[in-house]
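Here come two complexes built around chain A, the first alongside chain B, the second alongside chain C.
Coming up: the complex of A and B.
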């Protein structure tokens, strides 16, 4: 079974590698053939397989910290806080997702109003399908939406109350305008003189669409899940990340102290250019020590530092290429391969 | 979409050819010399020291994701974990990426199985910390301090968090070996870790530790290809110098050849 599994892995690695290799080396078009036509979809599928691992990451977190909490091992309280935070953020994100889905549904419905009017008119012209019940249904729906927005209380529970009230009033006006224009369109269609009225109706619906977008954005930002999410992210996560980053300043000083001690000739060789680069970088160097320091600093970085970095880069790139070929063709024993390892 | 040009194709095919040649030579038993790298020798020293002190070790690949570099790191992880399993010591593998977590876990299992110590394998030794850079760094710091690690291996791809990780080991007095291809982080590791492998030395570590003929042959092929690249650089430099002296506005021949596309339209 393990042997079969290893063979399958080698086979799929080869096929996958072959596709990406050919996609990269071949020109975009060979005659009439477009080799990379479905490249985006294939890349997305590969990414999706990778995304499945996120679930395994979650399981790992629950396993490591769950066991610690259950056994009341050292630091169990930290694990508890971690899992609590994880659950809290997960719930917030799910609520946020649900809200954004509802938002998308409503927006899509309002966007479809214009398409609906066009279709009603077209089908009346071509197939003589009765437009009245269909336009009445649109007017009814606009009335329902208007009432829903009027009765909505979530908009008022926001720091942007004035914006919300203004946009809400705009929405009601636009919905009334669109309903009135649709009513007029019905009459115009009856008189068979509807070009101008149709245009006015579509303009009104377009206005309603943009107001709906604005209203939904405000509503979405005002939702509790969104506000709590922003609070957790901006109030906890970002400052904690910044705090970790700020530690670097102190660690750099500590590391610099250790390296710049005159312990060996290598340390001296390291220290002298470092001193020149530092003095060349800060304003005090050229001002009080020597005005040519910035130029020496530039020379050191461009003509000594950059070539050294490039040399390392070349070596790494070629080694990476060789490693890729070895993986692609399954040339060497895989560290993941349990069968090939000695027992 | 990015596509290779004829030069890239020729280079890749040439690399494949040279690789096959030296791998087959190594497989036939030809001895391929690999120079000793102190950093790789220090891996055993670090393991021995941690085991003697009765302290666990930590192995991190930093912000790495699935790719050739990670595969090279896995070879080292396998070696280290196998030794740790034989000595009945403890290893922690904190991960940044869930995909990396899965492969690290499989490698650890494989290593314990190789050492005939599968019963000692603990799945919670491989830990998913976070896929946020500084959250990961903070998790790693906590782990190093809490578990009081005696040795730390920092093999992989690192960014600004490199010094935070290395300083955490330094603070608990752990012996540290670092290896990275992230150029900007090399100075930080050199100043903080006991040994540092630079760039391609990380890729060579697997060959050195496993004594695998394929990997040794591959190392020789890499050297040949590097020589070829150096020859191209020298050729390009000479041509560029002549072009500058003659004040010609035409692109130099070597550059045209290397950067030229499949068709004149630049398809």
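Coming up: the complex of A and C.
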């Protein structure tokens, strides 16, 4: 049974790599077959498979830190802070996401009005489908959106913000203009002379669309989830990340002091380019010692750093290629192999 | 800070930002609980952002929304711009397969998770063929430089040095045949090792400067934004 499972795992590993390997080495067209025709869909499917594991990370975090809190083990308060930060930001992100989705849906709906008018006219021309109830539905919807803005009861209402009242008034005017133009289009369709009126209606709807975009952006930026999300990002995430990485500067300098002393030939060779690169990057001030240093720094990076790194990269790339083949063909001893793990 | 209202959200943003920097820098004195708490807070916030980002930018808009038909907004008369594409149902196959990851939590059925892990490893290996060759080829062609450039002695010398460094560093990693003591390969690999040291030095210098830039940015923040915001408390 275990052997069968291992064969099955090896088979799935092989299948996983097979498509992308063939997609690269085979020509785009083999006879009548276009090999990469569904490449985008297959790539999407592979990404989806990987993304399904997101919840696993979350479960593991909650398992590890949740147990520590429940058992009041050492560092339980740190775990509590971690989970609190995680939960708080998750809730904020979810609220922000919901708002952002509602915003894009509403914008798409308004964008679709032009498409709708075109379709109504086309279907009337080709299939004689009655345009009146359909255009009435559009006029009603424009009326609803206008009322919502007036009553401050939708995503289009921004509250009392800078510039928002002006934009809200613009929206009301545009909606009224679009509704009136649609009403005129109905009459023009009845008289079978609608080309010019249709153009005016579409122009009005395009204007409405741009005002809607502006209003929705204002509304989104003013939403509590967005503002608190920015607060967490700028007040905690960015400073903590920058401070954490800049902290390493102290340790690198301390390590440099210990390792760069002239104790061996290699230490000297290591130190001189490092000093040139560092001094060559300083634009002015007391450490700006020589105007030619930036050029020497550039030369070092281009003619010493590049070929040396390139040689290392070529070596590691060939090794990586060999390792990929071993993994793909399940020749590599793997912790996935249950038989080996048991031994 | 001119124009910053005391106890406003922006004020708290700057106040908390400075507090975070102090907490992290307190590690320079010694490891302390204050640092630990903020370190864990950073991990929590980062984890939440990393979890939500692919959901917001990929999973929902590219897969779940079309699958549930929520990417179609109805027209005012209740009709839809386009019919629901049944092909979106095919998304259920990779999603179902991806859900096998969760069997890793069950000791009895964990082998099912190994199927999907194996598949992902296979995909990684398959993609790496293309990735490595695509990345390596331009660098390889660029390495074939003319050793003599007409009319430019400096360029010729630079190219000769470039090839010399490349070959000597190569020779350091070349183990395909036995090296005789004081032979050409031993000397060449010694030079290659020296060249690599120079390269690491330059890389090291660049890394220090990048970290220093972050440090300077943080110090500027503390001096130009945080301290004035804090001093509003007793002004």
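The rule is simple: the second predicted complex is superposed on the first by the 280 of 343 C-alpha atoms of A that agree within 3 Å, B and C clash if a C-alpha of one lies under 4 Å from a C-alpha of the other, contacts with A are read in each partner's own complex, and residues count from 1 in each chain.
Assume contacts are C-beta pairs under 8 Å (C-beta built on N, C-alpha and C of every residue); 3 or more make two chains touch, one makes a residue touch a chain.
This one's a predicted model, so the numbers in the text were calculated from it and none came from an experiment.
Of the two partner chains, neither chain B nor chain C is touched by A:196.
Within the superposed three-chain model, A:309 lies in touch with chain B and with chain C [touch as defined at top].
Looking at the shared chain after the overlay, A:18 reaches chain C, while chain B stays out of its contact range. Of the two partner chains, chain B is the only one touched by A:67; chain C is not. Judged by the touch definition given at the top, the superposed model places A:116 against chain C, while chain B stays out of reach.
Contact with both chain B and chain C is seen for A:248 once the two complexes are overlaid on the shared chain.
Of the two partners chain B and chain C, it is C that touches the larger number of chain A residues.
Looking at the shared chain after the overlay, A:275 reaches chain C, while chain B stays out of its contact range.
Contacts of A:256 after superposition: both chain B and chain C are touched. In the superposition on chain A, A:130 makes contact with neither chain B nor chain C.
Residues 21, 23-25, 50, 53-58, 61, 75, 237, 240-241, 244-245, 247-248, 252, 256, 309, 312-315, 320-321, 324-325, 327, 336, 338 of chain A touch chain B in one complex and chain C in the other.
Residues of chain A touching chain B in their complex: 21, 23-29, 36, 39, 50, 53-58, 60-61, 63-64, 67, 74-75, 237, 240-241, 244-245, 247-248, 251-252, 254-256, 258-259, 309, 312-316, 318-327, 331-333, 335-338, 341-343.
Interface residues of chain B, counted against chain A in their complex, comprise 1-4, 8-9, 12, 15-16, 19, 23, 66-69, 71-72, 74-75, 77-78, 95, 97-99, 101-103, 106-107, 109-111, 113-114, 116, 123-124, 126-128, 131-135, 137-138, 146, 160-161, 163-164, 167, 181, 183, 186, 188, 190-192, 198-200, 202-204, 210, 212, 214-215, 218, 221-222, 225-226, 229, 262-263, 267. Across the complex, chain A is touched by residues 9, 12-18, 20-21, 23-25, 27-28, 36-49, 51-52, 54-56, 58-60, 62-63, 73, 75-78, 81, 90-91, 93-95, 97-99, 101-102, 104-105, 111, 114-130, 132-133, 135-136, 139-140, 143, 158, 161-163, 165-167, 169-170, 173, 192-209, 211-212, 214-215, 217-218, 221 of chain C.
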